[in-house]
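The structures come next, written out as structure tokens.
Here come two complexes built around chain A, the first alongside chain B, the second alongside chain C.
Entry: the complex of A and B
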């Protein structure tokens, strides 16, 4: 008898899965995300509502921006490099951004660094990052045809290399200069600067329009270079544009919350599973929604259930690491 | 062999002398300088040489056991496991003597490394590059567990300071355990032939008359003990055990009886060189040797990877 019941449940679930179109799933995810956001804003309010809403509101905006940045950057990167395991963070792009920032402080000195207009500073940093990252990407993905594991290994070691150089530079800075650097490196979720938020919102709106206009190109890019070229997409031009978008997103999220290695990998792979479609029309919003649910929901859990006993990044690093090992060992790429 | 060894020993002597002479206190012919040399400079130089020898030997043994050129204790979770053991002792038995801390660190290093090698055996490996990749991620996961526990008990800073390879605190009476690690490397030399055979794989080595499991466990214990001792004493020096054996193997091949002395010597040379660099680059301040070694090591690692690829 129980077997029959289990079978009937199984059949009804598969039937339900078939009936759930990607649009339906997207709607469900959006409702979930909205619920999580509402819980985040309203749970356990002890201070006055006005204070709580502004305080949590700013934090929420940071969360939303980061969710957008990391998920779309990872998704685009995976479509571009035509696989589902490499992410910009694993390939060392975050460390590269920190290296750019550290060398800027090192070369200019803290006086000139702080005197620079913060928007100008941001533009300089992002342009250096874009140039460096496009060379790295061109060299690793376009010129050479490395096998996947070697590619990841090179990326990981590159990350360690960049990280070590910035560590050395940080050691060489004197304490005042280091504190200036630290302020710009480790803006936390609670205390993101308003200027940075404005820059991010402007940049992200531009990128959002770009994504909306070009989402069908990514569907074709994900088929690989020969197929994409055959279908009439200028692969190298598109690659260049995508690299600019990806590095800008990485720069933004790293500036907002520092490097998070495995978050993008986790979110995008969850999105692949629950999305039920390979079209970027659905994949992009779905991965953003997944990121929001994980990030905001994770913070709610951490704050109200676990009492801030640990940091979200530690847990993400742990789960992401295990997930990554399983992914490469089973090669579900 | 002699032709390689003579210049290397001269170089080692030269670097050791400069390591003794370099420091923020200028040396004169008086009692105070003698004290500084005997209490601080000579122990530091010895600690560097011993660490260099034992870590590079541990690296090459690890490479034989995992049958992969791109692994070493810090990319197989051995270092992280030792740190985890250390951390557990710091939390639960902070008053325990160094010996017990060391013992627990070594035992946990054995368990962690064995687990990694078990994972490697269970999964079919499609590519040689998969082994170090899984190792680095495994180390990362262990690192996350360490951070999690340390954060909970407010030990994050002390554990970071502890495991970062740094020789500035070495004084007479605080480095002598490293002799144990170097002694283990010396003992490993007597089983060099067996370890070379074990590197050919289980089937081949059993066919050649080797008791594979015994040699395997033996190698595992040596690697874990060396790692435990160096982590507890001087911290992590990344990529040392990877870079040195690979370069030596490019020069003289993979027969450990021939290459092991050379590996030990080059390891000592590299560590001495990096530490002198770390002491002079921002004189009179010091930079931890781990930072310098991180740059040099990852650069050479990249070079080796790209060389293998082409």
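Entry: the complex of A and C
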């Protein structure tokens, strides 16, 4: 008897799934995201409303920005490289960012580093990052045609390499200088700087316009280089632009909350499953919404149910890591 | 007309194609034949700008294809490669819709939808229209890709082994469809073929390649001779008359 019930539930779900158009699904996800945000802002208010709203508002903006950055960067990266398993973080983009920051402190010294205007600092960091990543990843993606597993391997090795160089530099730093560096490296969801939020909003608006204008090109890029060229898309030019966009996004999110490895992978793959369409006009918003639900919802759970026994990033990384292993084992890439 | 001038391609120091001067007719069916590794697919990739040549140039009506606008070029020539691997979960209709991308830029209009339906029914794919590509057999998938490039409505159509994975019935149908496209719509269809008899029966012209060079560019009647074929394929071959057509029986 219970088997029958399970089967009937299964059939009704599949019937429902067929009836839901991608737009419908998007709307549902948006409603969920909105609900989560409302809960996040209003649950368990103990201090005055004014304080709570400003405090949580800032945190919420950080969440939203990070959700946008990581999900979009991962989605674009996967469309560009025609696979569903490697992400910018796995390829070592964020260790590269840490390396850039460390070498900046190392070269300039902590006095100059802290004295730098924070906007200028950000521009310098992002430009170095974009230039370095462009050369590295264009070489990987345009000049050479490696298979997926070799790419993952190269990415992991690069990540460790950048990480070790940063670690070496950190050891050679003066303890005071190191503490300045540590301050900017150990950013977390709770303590994003306000200036950074403003810069991020400006940069993300520009990227948002780019995504809106070119979303149909990503659909074609996902078909692979020969097919995209055949359909009139300048693949190498598009790849260059995309890598710049991806690096900027990763730089932003790493600056805001530090490196997050598996979150993007998790969110984008969930989006592939629930989106019901391969068009980027649905995939991009869907993955952003998934990221918002996961981040904000996760924080609510953590704060009010688990009582902050652990860090949000640890949980997300754990789930994401397990998901990554499952993806590799199932080979559904 | 598409022409190549001194086209060469090297991988490291190994020559793949050397000094190819060739012109493709502006209508009709052309087949490219030759043994494995003769450089047939590479030639197609170079002519369709999928790869940059080591030296030399390809021109369309006198202008270098690397200087032409990408989208405009995509309305003039289309290529289907031998192997097509797609990660996205696409239905047949979605895939064929991509063939219209140079025209609609992501927003298919009524005319595009008509072209898509036309291409789908031309390749007898109506019953699979909403199936996912990954759930099709090799032959059905190949037909879906051919429908996609046909929907692109280009003057030049380059197909690398279009009969891959197709059964006898669909092989003949695809060849007839391409023949019809060349005759009725004045298209130039260029095919890389392995079955020499298919090539001879349906082509206006055959280009034979060997070791990275063009060795013959002739009509099928002039090419289908024992000595010429034996020389191209490095094996003794005999051409016989079967029902008034020259056939090469190489199976035995």
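Here is the rule we use: the second predicted complex is superposed on the first by the 325 of 333 C-alpha atoms of A that agree within 3 Å, B and C clash if a C-alpha of one lies under 4 Å from a C-alpha of the other, contacts with A are read in each partner's own complex, and residues count from 1 in each chain.
Operating definition for what follows: a contact is a pair of C-beta atoms (placed from the backbone, for glycine too) under 8 Å apart; a residue touches a chain by one contact, two chains touch by 3 or more.
Only a predicted model underlies this, so the values are computations on that prediction, with no experimental measurement involved.
Asker: Between chain B and chain C, which one contacts more residues of chain A in the superposed model?
Answerer: The partner that reaches more residues of chain A in the superposed model: B.
Asker: Once the structures are superposed on A, label A:231 by its partner contacts, choosing first (chain B), second (chain C), both or neither.
Answerer: After superposition on chain A, A:231 lies in contact with chain C alone.
Asker: Between chain B and chain C, whom does A:223 touch in the aligned arrangement: first, second, both, or neither?
Answerer: The second partner, chain C, only.
Asker: Who does A:120 touch here: chain B (first), chain C (second), both, or neither?
Answerer: Neither partner.
Asker: Taking the complex as given, what residues does chain C use to touch chain A?
Answerer: Checking each residue of chain C against chain A gives 45, 48-50, 70-75, 78-81, 84-90, 94, 98-99, 101-102, 105-107, 149, 152.
Asker: Residues of chain B touching chain A in their complex?
Answerer: Spelled out, the residues of chain B in touch with chain A are 70, 123, 126-127, 129-130, 132-134, 136-138, 140-141, 143-145, 147-148, 151-152, 238, 281-282, 287-288, 291-292, 294-295, 298-299, 301-302, 305-306, 309.
Asker: Which bits of chain A are touching chain B when the two form their complex?
Answerer: 144, 146-147, 149-150, 152-154, 156-158, 160-161, 163-165, 167-168, 171-172, 261, 309-311, 314-315, 317-318, 321-322, 324-325, 328-329, 331
Asker: Can you check the complex and tell me which residues of chain A touch chain C?
Answerer: 82-84, 215-216, 219-220, 222-227, 229-234, 278, 281, 333
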